[in-house]
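This report concerns only the one structure given below.
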Amino acid sequence: MKTIYTSFAEAVAEIQDGSTIMVGGFGLVGIPENLILALVDSQVKHLTVISNNCGVDDWGLGLLLKNKQIDKMIGSYVGENKEFERQVLAGELEVELTPQGTLAERIRAGGAGIPAFYTPAGVGTLIAEGEEVRVFNNKEYLLQTALKADFSLIRAAVGDHAGNLVYNKTARNFNPMMAAAGKVTIAEVEQLVEPGTIDPDHVHTPGIYVQALIEGAQEKRIERLTIRQEA
Amino acid sequence: MLNQLDKALVRERIARRAEREIVSGSYVNLGIGMPTMVANYIQGGKQVVLQSENGLLGIGKSPLKEEVDPDLINAGKETVTAQEGASYFSNAESFAMIRGAHLDLAILGGMEVSETGDLANWMIPGKMIKGMGGAMDIVHGAKKIVIIMDHVNKHGTSKILKKCSLPLTGKQVVNRVITDRAVMDVEESGLVLIEIAEGWTVEEIVESTEAELKISEHLRIGTY
Amino acid sequence: MLNQLDKALVRERIARRAEREIVSGSYVNLGIGMPTMVANYIQGGKQVVLQSENGLLGIGKSPLKEEVDPDLINAGKETVTAQEGASYFSNAESFAMIRGAHLDLAILGGMEVSETGDLANWMIPGKMIKGMGGAMDIVHGAKKIVIIMDHVNKHGTSKILKKCSLPLTGKQVVNRVITDRAVMDVEESGLVLIEIAEGWTVEEIVESTEAELKISEHLRIGTY
Amino acid sequence: MKTIYTSFAEAVAEIQDGSTIMVGGFGLVGIPENLILALVDSQVKHLTVISNNCGVDDWGLGLLLKNKQIDKMIGSYVGENKEFERQVLAGELEVELTPQGTLAERIRAGGAGIPAFYTPAGVGTLIAEGEEVRVFNNKEYLLQTALKADFSLIRAAVGDHAGNLVYNKTARNFNPMMAAAGKVTIAEVEQLVEPGTIDPDHVHTPGIYVQALIEGAQEKRIERLTIRQEA
């Protein structure tokens, strides 16, 4: 029922110069690794990218950045990447920083048909400048609008041919909201299974939100390996 | 080296004092950096559920080498494990949990705190802006916000101010500040000094604090 | 009795015509009552995923007696089964799905429709108000809203009006109306007659319709 | 870690006259049957009840209604109950009808610290009277505020001692949002298990939202038994 790609180049072929894309992941966890690599190869330019972070210098969205394919980045924390800093200071890259919870909720709103909502995050700070402030129950809140994307590139552990997705542990992060907020959502899954394999009560992202799937092996680079010694 | 060691000791002192804020049975978010260290000092008898804003309720210990799962990290992007009774969820659910005031306590780092409870901890003008991450949400979320930080900067200037000089993370959001020298509460009446660390006097604290400090009737000295 | 049988046949005729609105591969919400019947007529070759706003994507057939699970119902509170590839979710997620325009089509019942696409289908002043359920959300949700209803009331008066007399469910929300007599599209230019059911003439349709009807250049007669 | 009750009377003992309570369920599916029965026995009065429906004459919230314990009902569809009609017409019962999706989202907002949001449902209808209308992207939306409750009474299939809940099929419905929107949430579970039994990826309601649990056997009355004959 869904488009099942076998080539990552084909999977991203419809993404054009100037597209707005959402990319799942928190740090390097839960990012659609091969879709990002294919996007680098596609040389598509002038992208607006919505993602919590922007990868590291040599992996994830950092690769798109190094290749100067991103015009504008909307995220909450972009500090792991030296090339990012260089491009911002050189005026080559526009950045919109938004509190992480506001980012998550704006994306959820985009998928849920909620055009705007109020949140306390950012009241009385720089990011409230020019924004509408409103009082509910004696507390100030900022009006925030929904975010949508032309394409959402997300990653899941398991996907079925009906588009249902299941995520693994903290690799869930922004992926479910982005799945719903993309006009076209392409899911890179570690394992593609037949419908009926996933218990309907365990589905994290219902198939309706996903337009295409592709199976891909993940490197899963670790940013901060922290281990304890056997006691 | 000695200086570094001192620094590590001071950080441990702050972390150990911050640990006392954690009540058994509570849900707690620990910020990235020094606040994360607080977890190392949680007393054995306490049942605490740590939340990680990237989508985990019930952070466990750091993994053994063979337990490492690259899909399982905390908000500081460190590999972690999950406690028994943990749950995973999306960032939207995670911040619904935070914003909806379901957490009992958040312990965060600070660059500056004002006497009215304003907090600055995310950007220094002129330096590269990395982003606020979840801090602006968390300061409006948990029922109690505790900031842990150095009392003065490397030039000896107070970081506890009448008014923050750096861009704010949140306005009137801090409940308690724990520094290497003192513990202060933000109250209706202003900033109240409630505890002093070992080796400091009231006079020294007042002198090294730009903010107007009221001295609590119940001031305790040498508590940590 | 004969009258009742006629009524059942008329309902079947409407349901069968409505079924043609369903494109293979699409996601569809069927309203309570006559719209639910449409599912019985879905052509074998079509792959359709039916959504139930109480939290199910992929409604299956009615259960066999031994398959009945009291925890598994549709929005009309009837016991159902789930298709292969189905998913369950909360009402908040369900209406996020609806409101976010992820459904391709909704087929709902109507009491009155206006020539500008207003719909009234939830209350009659003076009668007990039961509530709008999910209808007010659904009319703003699916990409295409098709209303199925009788063309006239029991007194022979048109239910396709210049302006609805009953309280609205939604304003300018209807795309297509299918009655026992005709199919009409709500377009920028007004209400356009595009099909006529067997046994009726253009003149009879125009006469039994209060709304101003434009006749489509491509009007088809006796299509159902 | 959580309060585990063994008596339903004790579980509802803190609910006082004039409390606002949310009660999970859609129709009779997913309702906390024994908590409702205990509430009837408690004789607590002047309740404001937030629930999608109001039960039937002799089961679910209909029992509270018959016992005249409800002053105000907020729901989306209340048509299965003759006593309801009688009390409304007699002016004994106040009713606030809200579109089902708006109800679900208002409850979600209550739990999520969102004081208000915009939704298209109800624009241009009776329910928009006196409400704020605002245009986003050329479309009209209504401002809707969050709903919270003093107590949420919900039902799950499985719950553990850490408060984590898993629902069965369409018995999930309003329960997860209500769990988060109640100051005190009491979960009636069909099966109570030890922490560690539920896979953390399968948790529907994280334990933080639940203050107390109680195990209870359910009757699960069926409103509209619809079956097909073997072909």
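Before moving on, here are some points about what is shown:
Think of it as A, B, C and D in the order they're written, each chain with its own count starting at 1.
Keep in mind that, in the parts below, contacts are C-beta pairs under 8 Å (C-beta built on N, C-alpha and C of every residue); 3 or more make two chains touch, one makes a residue touch a chain.
Owing to the predicted nature of the structure, the values given are computational and were not obtained by experimental measurement.
Looking at chain B and chain C, the chains that touch each of them are A, D. Centroid analysis (C-alpha atoms only) places C farthest from chain B. Distance between chain centres (mean CA atoms), chain C to chain D: 28 Å. Look at where the CA atoms of chain A average out and do the same for chain C: the two points lie 36 Å apart.
One simple way to say how far apart two chains are is to compare their mean CA positions; for chain A and chain D this gives 33 Å.
Touching two or more other chains at once are residues 82, 88-89, 95-96, 98-99, 140-141 of chain C.
In chain A, the positions touching at least two other chains are 105, 108, 112-114, 119-120, 167-169, 200-201, 204.
Pairs of chains in mutual contact: A-B, A-C, A-D, B-D, C-D. Put simply, chain C touches chain A in their complex at residues 25, 27, 47, 49, 51, 57-58, 82, 84-89, 93, 95-103, 140-141. Touching chain C in their complex are the following residues of chain A: 1, 108, 110-114, 160-162, 164, 180, 195-196, 200-201, 203, 206-209. Within the complex formed with chain A, the chain D residues making contact are 105, 109, 112-120, 134, 136-137, 139, 141, 145, 166-169, 200-202, 204. Residue ranges of chain A in contact with chain B, taken from their complex: 26-30, 52, 75-79, 85, 88-89, 95, 97, 99-105, 107-108, 119-127, 157, 167-177, 204, 220-230.
Within the complex, the chain B residues that touch chain A are 52-56, 61-65, 68-73, 76-80, 82, 88-92, 94-96, 98-99, 118, 123, 128-138, 140-141, 167-172.
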